[in-house]
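Paired with subunit B in one complex and with subunit C in the other, subunit A is shared by the two complexes that follow.
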Partner chain A sequence: MAGIAKKQNTAFSDENLSGRTQQLYFNPTEEENYTYYGNVEVDFNKRTSIDCTDLEARTLNQKIRDVMKKGYGTVVIKNPGAKHSLGVGILNKLNVIFEGSLGYFGVGCIDGPTVRIKGRVGWSCAENMMAGKVLVENNAGSCFGAALRGGDLIVKGNAGARTGIDMKGGTILIGGNAGAFTGFMMQRGRIIVCGDVSANMGDSMYDGMIFVGGEVKSLGSDCVEGEMNEYEIRWLEQKLNNAEINSKTPVSKFKKYVSGKKLWNYDNLEPSERKGILG
Partner chain B sequence: MCGIAGVINRKKTVNVGEQMRLMLQGIKHRGPDSTGYAMYGKPKKDGFILRFKVSENAAEKVNVKPEDPELLKDRKKQIDTIMKQHGAKITKQSSSTPYAFRYEFSYKSENLEELAKAIETVEKAEILSIGKGLELIKDLGDATTVADQYGLNKFMGTHGIGHTRMATESDVDIKSAHPYWAFPYQDVAVVHNGQLTNYWGNRRVLERSGYRFNSNCDSEIIAVYIADKMAKGINLEQAMHDSLDELDGVFTYIVSTKDQLGMAKDYMAAKPMVIYESKDVVACASEEVAIRNIFPHEIKTYDPYEAEVKVWQV
Partner chain C sequence: MAKAKKTTKTKKATKTKKVSKSFSLGVKGGGYKTVGGAKLKDKDIKSEREKSIGQHIGYRYDVNLIPDYKKLTPFLKTYIETMGWDDLNWLEDVHMGYEGDKPAVFDRNANGWITVPTKMKLPNGQQERDMLARELLIKFQMSSNHPLVALKKTYVKGDNFKLNE
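Our next item is the complex of A and B:
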């Protein structure tokens, strides 16, 4: 290798440089540099339960983390009592069962767990979920799956207004009806509604798909009907089966709605401006 | 972001004061400024219950100057005289604070407009409610503080509504606190969560037709609006349906009358409401935690959709 100097400027370094640099700051004494944050080994056969009657959200969420570190893979939460912000920020594979209803912001910002909620959820359930599966056995409130990024979010009953607002990926499956402004400003991902949808569905949607089994009261601005192909029918069938939802409408009668892309004006932008929008 | 709640017990008299206190305490975090109750006891066969105040609560951290207690007593005396002049006979009176009073009185007619207007000619006097069953209590502080202050923990009745307020549009004082009584219609009260954007336009129209406004709080207009509709002979449910088109903004409100409880939600479905319905009782609140304070076991609840109006009978 004579004559060619090895490149040094992209290496780890414990020197804390200011300004722009390719060098990565690395603290060799920090434990988290050698593990993946929030990730622990769990055994799904190890089961434990937590009674939430007298616990605040913060204490319960800490307890879930503690039992996860001990290797428990299945956590049953008793008496959640519709409290807010329960089970948020779980960044690991975990089986979580809530034996009751959750309040606002239930299981938000999660990445990986399989959650079953034997009750109802309030507003903004599974907000910003990255991956995993959440199944709600009863109804859901408004802003269900707001800013969803991945995973499956399932409600067997009805969902409220603004379901899947600003979603950027993943799938929302609704066994019953959905409220007004479903799929409002959605950017990617899919919403499946077996029942009816209220006014202004898919208003200002950028992209993504909405499948509806029942009636749509009215379409929002720039939402149009699309054509279904056989792959989508097969996908719908399988997806609903996995979600334990029996749709009254046969899957072949579902209708698909997509963005008309009339509101798109990316073409008018300079290439440098365009970069920040879809990236 | 205010919290509203309502409960109606069907064909049964229970401790509705405690029910409401528990519910409102559960949604205290939605609004810590003031709490109000409008509750319905057993309707009186003859006579009315009057709740009024002659001054504001000059609590700490509130922009209200305390007034001379003698002045308050004098205002009360003036009201007594006015009521006597109008032929209203006071049969019972009590007060929990120097500024708020509860009277029971008998009156010759069912139309209370003249009497109510006469009482409010006294400086700073405001009628909180008049009704056969309705008692409207509002003050600064959380639900338990107000309930303890006014002894509401053993209020027997059938239904009630309540409100915890976070002041966004007007001052922190009793006159801007909810619920609002639909002056001068007996036994009608309103609580509201949201903002009304065509408040001033509507207010001017209603003021020109002779309605009084005590505060600059946008929610007061709903009470006056409902009162105006009822004066025109429109029933509660229809009036609430009309309000969806005529009131603009984001809102969810609950109205109660002597035997009804109704809720309405705007077209945007922007403000929350959770409803629990069973054979004996219907409870609705901004958040499920409020309802779960009176029903600790698992219950089946749902959110109403946009532009929905629901009315329940006692």
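Our next item is the complex of A and C:
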């Protein structure tokens, strides 16, 4: 990348691309927008419904996009029938209501929508979610919120094993209990469990926080108990209220778990530093 | 104008060269000044392991810092209302960090640190800085000049993900 000058006009000031990264700078004159450039404008008050009975996942997902392009901001999906991969890849602000259960990989890879699922969900619900809010009114299967990047993922009931595996941001809220290996290899973000958590919670977690209202069967490797501060207590109360979850345990009694950081191993020098020495 | 720019670039290139020549892990002199292009201060490097490798381990700010909603700016309030959310949502994970020794925000869509202009005055508290970082990031991610827009225009496949222009 060294020595390559940026020629096109971007949101960042004109800089030479060299050194450790691209050296991007904020442009102070940039105009203010609230949605991604090129997204469609939708009105939350404009409502429509789609019956999923005879539709395949691909057809339903296309129909959601079609109504979104027409400006509908609220889409009700009737009879989802626990089909897999429903509502995936929505990169727009939108209000989606599923009147039933979803199968595997429901509402994955989304960036922005608010989703309410009036049923349960199968494996890997909202995997790789970037932003938005997903609320599941019943229980969730394994790998709930796998590789979550951002946004709020809520299940009012219980969640299965490996909840929040490899998550890199965002918040997972569980009204009931969580399965084994919850927060496995999590790198960032927050998990809140109002009930109990099964064995090996937070195993090999690099960073992030897990808040538990009930009992933890056992902690995984390098997961240790931490202390809560005032921001966190206030934030927990607010999050649980927003998620419509009434926790039996008062927020002040929740326990916080973090990474012990004993598994942090880094190579002595980055490639660029090695090059610096040799050069 | 073009001539002046050229001179600046040449000066910058010379500076970089100097940096790599004076590259030092700082073990003997205790300098820890320039490591891999990043200028670090002695006080920033704390643990024994960091001293031995002459660089920071992990983040240089608290990634787990929960936002203080009392410090929410009007711009961010409007953003939350526009999206139909109750709180900062994904922005809770955005913090003001550093690119080398300069304040910067990580843009996950551009996969890089975006440096804050040196002329911009930064507030003292980390909570206030985080709110500023969130505001800056929204303004630039939603811009028509964001690098992703150019990438989408060039490489996007299918009608579903084409830009609505």
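Everything below uses one rule, namely that the second predicted complex is superposed on the first by the 228 of 279 C-alpha atoms of A that agree within 3 Å, B and C clash if a C-alpha of one lies under 4 Å from a C-alpha of the other, contacts with A are read in each partner's own complex, and residues count from 1 in each chain.
Please note the rule applied: a residue touches a chain if its C-beta (ideal position, glycine included) is under 8 Å from a C-beta of that chain, and two chains touch if they have at least 3 such contacts.
The model shown is predicted, which means the values in this text are computed figures rather than measured ones.
Within the superposed three-chain model, A:Arg65 lies in touch with subunit C and out of touch with subunit B [touch as defined at top]. In the superposed model, A:Trp123 lies in contact with subunit B only, and not with subunit C.
By the document's definition of touching, of the two partners only subunit C reaches A:Glu30; subunit B does not. Of the two partner chains placed by superposition, only subunit C is touched by A:Leu91; subunit B is not. With both structures placed on the common chain, the touch criterion links A:Glu232 to subunit C but leaves subunit B unconnected. Set against each other, subunit B and subunit C differ in how many residues of subunit A they touch, and the higher count belongs to C.
Subunit A makes touch with subunit C in their complex at residues 3, 8-13, 16, 18-28, 30-40, 44, 62, 65, 69, 89, 91, 93, 95, 112, 114, 130-133, 149-152, 169-171, 188-190, 207-209, 229, 231-232, 234-235, 238-239, 242, 258, 261, 264, 266, 268-270, 272-273, 276-277, 279. Against subunit B, the residues of subunit A that register as touching in their complex are 81-84, 99-101, 103-104, 118-120, 122-123, 138-139, 141-142, 157-158, 160-162, 177, 179-181, 198-199. Across the complex, subunit B meets subunit A through its residues 267-270, 272, 274, 287-289, 291-292, 296, 298-303, 305-306.
Those residues of subunit C lying in contact with subunit A across their complex are 9, 12-13, 16, 20, 23, 35-38, 53, 55, 57-59, 63-69, 75, 78-79, 82-87, 89-90, 92-93, 99-100, 105, 107-108, 110, 112-117, 119-120, 136, 138-147, 149-150, 152, 160-165.
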